[in-house]
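Per-chain residue numbering starts at 1, and chain names A, B, C and D are given in the order in which the chains are listed.
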């Protein structure tokens, strides 16, 4: 169990059959994305609106999970302060592989309106954890968050599992960031 | 032994048959679990003016399949501080408890994996195995939330088993059997022959109908509590206990818990259908009855009960743990005793 | 009751403890007092039957350059009147009595003033940082505060 | 029920092992990034220590570096659920410092916007409170209706959540032609859903069992802790800044102040705090109807916006207004330049939250979540 435990040591070779298997596995992962229910600031309210009837985030096959162990991706919705940053790092480490990060809103992308005088604001979540998709806006509209979700699904579908060059590079980049 | 299984008649008493008999419910369970997950997603969406999963296959019908493929691939984390043997064993024990109950569930007149005479007793016996798994998992995770969830779960299961068992015991009295097939056979005929409506009999059964209806309701409530569904989902109450006893589980082990919950839902629905709603009997006398129709009615009725469970989940708020105990011990238990008394009296006088 | 009447009452009772009364539009009228007397003055303000200030609207810290200021905005439910009490403490020894035991709401307000300005409220039960992490250095709302370069290995400036 | 409470208290005094539980900052029902350090004895809460500051975004420091109009977007981000209501006291404070008279039409639009936003805020408050109790469906019904209100605000200001609509002396934009009709339509929808939720959630037996008789906040404690808004009114204190310290044009409207009456349990319990919000939505609807009827059609919303913003040196003012959550005040000190010397925000949620340790002791752990939900906090305002 846990086929992707060893993403850092992928199978050699591959071919048509493995290619098809890879497609199937990626399809499953991209269509069933459970997210960590985690609201930080203003963007979390828009995120709640995204979950509600008008926008219906569950259309994409997402299910909110409250435990990081069961989540596939985490949405950082809002300003990350230095007091919070340590916690987010721990949360990210608690999630099970394969895991992804969507950064929602200017604050978590780069500090947003607090970039200059915010002595207690982390200027960009990518300083502590690797980010897969950025969604700009302050706060982004729910439609923009949906677009971010579609981007993430596309990214997962195109990932190489068995010949895993890109993935290796990615993992090495993660290692270089020391997380 | 009760009825001979039709597979034994068909293929003879050999190893293949035995394997087939045990594998058929598993196959059914897998298909059913996928359907139930999809049903839960779609029914909740429909009740909340949403559309539910839309982008996986036609109208999202492949969604549960995608979930399974995803869950197989997820990393399997065992926390450092956990007690590893217990932690790893727990999900399988929970699932075993749920799956073992399938051994006596009569899907139709001709297919019951094992028609033992103590069918109802057996179901209650193996139903408690799940609680051991839950408390094992909750304790072994070495997390305060899981421990709280496990404790609550066990307290709840034990309290609600008694009124549930009293309700079933009344049916045993009415049908003078613990064999599930016998109980089903006693209810043959139109739907007013169901034990929900007092069982077969003439006008003198009218005064027992309120009690049997009450027992049906009691069993329904107790079964919700046993499967940890809202309004009794406090062991995994998301608003306070994060995810309850399975907070630390990931990947396939979490899927086992998930799977066991849905399997349990079917088991309690099946018992309810067998004991109170005529089992595989057609509601319309001999109309549309037969070996395959029997399976159809049985599964159809069970799905209806499951639908009611899902319906309640998305409608009602959750109870608090002490209120749950209050309801179980101070209301359901005395009421079920009273109903049992009157049902026994009725049986004695007839 | 008008602000100047409140001032008269306080002046009669505390004499030198009351420093100044100022009322000019558009500002709110305020009374500035000695910092060491603040607890007694607030006690009178809360409990005297004609004043009855039972509601502390706001407690703010200020940086006035050489000294630090504390401003109390009070309101009375019974008489529906307001008053502003001001006091200053030197930056080197910013100590003054706490009013936490008069109005419990002052608990968090005083902790916040301590957190951001570094005033010491003597008599406060639990004077620890409230908004910033417990291991933070410096008092960020002071005008001469400089942002730290790094916190727990994370770079702070953009 | 009192008997149960007594047993709980007796039980909590027994000698037994206690567990320290860390609720948050990542927890589904802390309404953001609040962290509660909870000591529990079995299921009984014996101590609660809130740790805040996980969203401290240095609002007050930013105010010192920005000019007066530039502060408005930061004010929005305090209580991000009711941004219009946040802007109002700040804008009023600066207008008072500059002694600006705001045009009639602007006042009416401000009232309508603030009351619409009050409804939107209470919808979220009641919805998340229901969610804490485990009822998911009313949450979605409220969010569906909230969208109708947001659409009106979006058409006026261009933003869905953080509007920057109230400017000093006026408004950012005039309203659009069909504004009045759409507001009335939205109100109709709000009333319809409120009636539905009253049946589905508020008078549900399980919901009453869960929320009545817990988290009792006596009126004197509430005042001593300076609670305000529905938290104070739930304890039976009839006090609303719109009537008692009236500002803008609220004295022209006819509306009631709903207070908790202890209808299903003791006065000042969670259910009372919640029902006050439900009734307040109705009162807001009444105010909006009157405002729409009285609002002048002509007028320039930008005529009083000053070209130069320099309040007199040393001038200072504390202006408060009735936020949906309670009293929101801004203490503005000017130093004669176009940048303020100091702005202190008296966060409603900050003050209301400080009462939590007092009212949650001796109840069950599941009740703690509901008590927290009934105070209706927004962490942006707690931490600023």
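The definition used in the following text is that a contact is a pair of C-beta atoms (placed from the backbone, for glycine too) under 8 Å apart; a residue touches a chain by one contact, two chains touch by 3 or more.
These figures come from a predicted structure and were not determined experimentally.
Student: What is the shortest path, in steps, from subunit A to subunit C when you may only step between chains that touch?
Tutor: Contact-graph shortest path, subunit A to subunit C, evaluates to 1.
Student: Farthest chain from subunit B, comparing Cα centres?
Tutor: Relative to subunit B, the chain whose C-alpha centre sits farthest away is C.
Student: Centre to centre, by mean C-alpha position, how many angstrom separate subunit A and subunit B?
Tutor: The answer is 37 Å.
Student: Using CA atom averages as chain centres, what separation in Å is found between subunit B and subunit C?
Tutor: Distance between chain centres, rounded to whole Å: 63 Å.
Student: Report, in whole Å, the distance between the mean C-alpha point of subunit A and the mean C-alpha point of subunit D.
Tutor: Distance between chain centres, rounded to whole Å: 32 Å.
Student: Please tell me the distance, in whole Å, between the geometric centres of subunit B and subunit D computed from their C-alpha atoms.
Tutor: 44
Student: Which residue numbers or ranges of subunit D touch two or more of the other chains?
Tutor: Each of 27-28, 53, 56, 58, 61, 140-141, 144, 383 in subunit D touches at least two other chains.
Student: Multi-chain contacts only, two chains or more: what residues does subunit A have there?
Tutor: 53, 66, 83, 116, 119-120
Student: Two-or-more-chain contact residues of subunit C, please, as numbers and ranges.
Tutor: 131-133, 140
Student: Taking the touch rule as given, give the residues of subunit B at its contact with subunit D in the complex, in rising order.
Tutor: Where subunit B meets subunit D, its residues are 44, 47-50, 144-145, 148, 230-231, 233-234, 237-240, 242, 314-323.
Student: Where on subunit D is subunit B touching in the complex?
Tutor: It is residues 4, 19, 21, 27-29, 43, 130-137, 140-141, 144, 200-201, 204, 206-207, 209-210, 364-369 of subunit D that touch subunit B.
Student: Which residues of subunit D touch subunit C in the complex?
Tutor: 52-53, 56, 58, 60-61, 64, 96-99, 221, 223-226, 237, 239, 244-245, 311-312, 314-318, 320, 327, 329, 331, 333, 342, 344, 346, 350-351, 354, 383-384
Student: Which subunit C residues qualify as touching subunit A in the complex?
Tutor: Subunit C reaches subunit A through residues 131-133, 140, 145, 147-148, 151-152, 154-158.
Student: Can you list the subunit B residues touching subunit A in their complex?
Tutor: My answer: residues 41, 45, 48-56, 60, 62-63, 65-77, 238, 242-243, 246-254.
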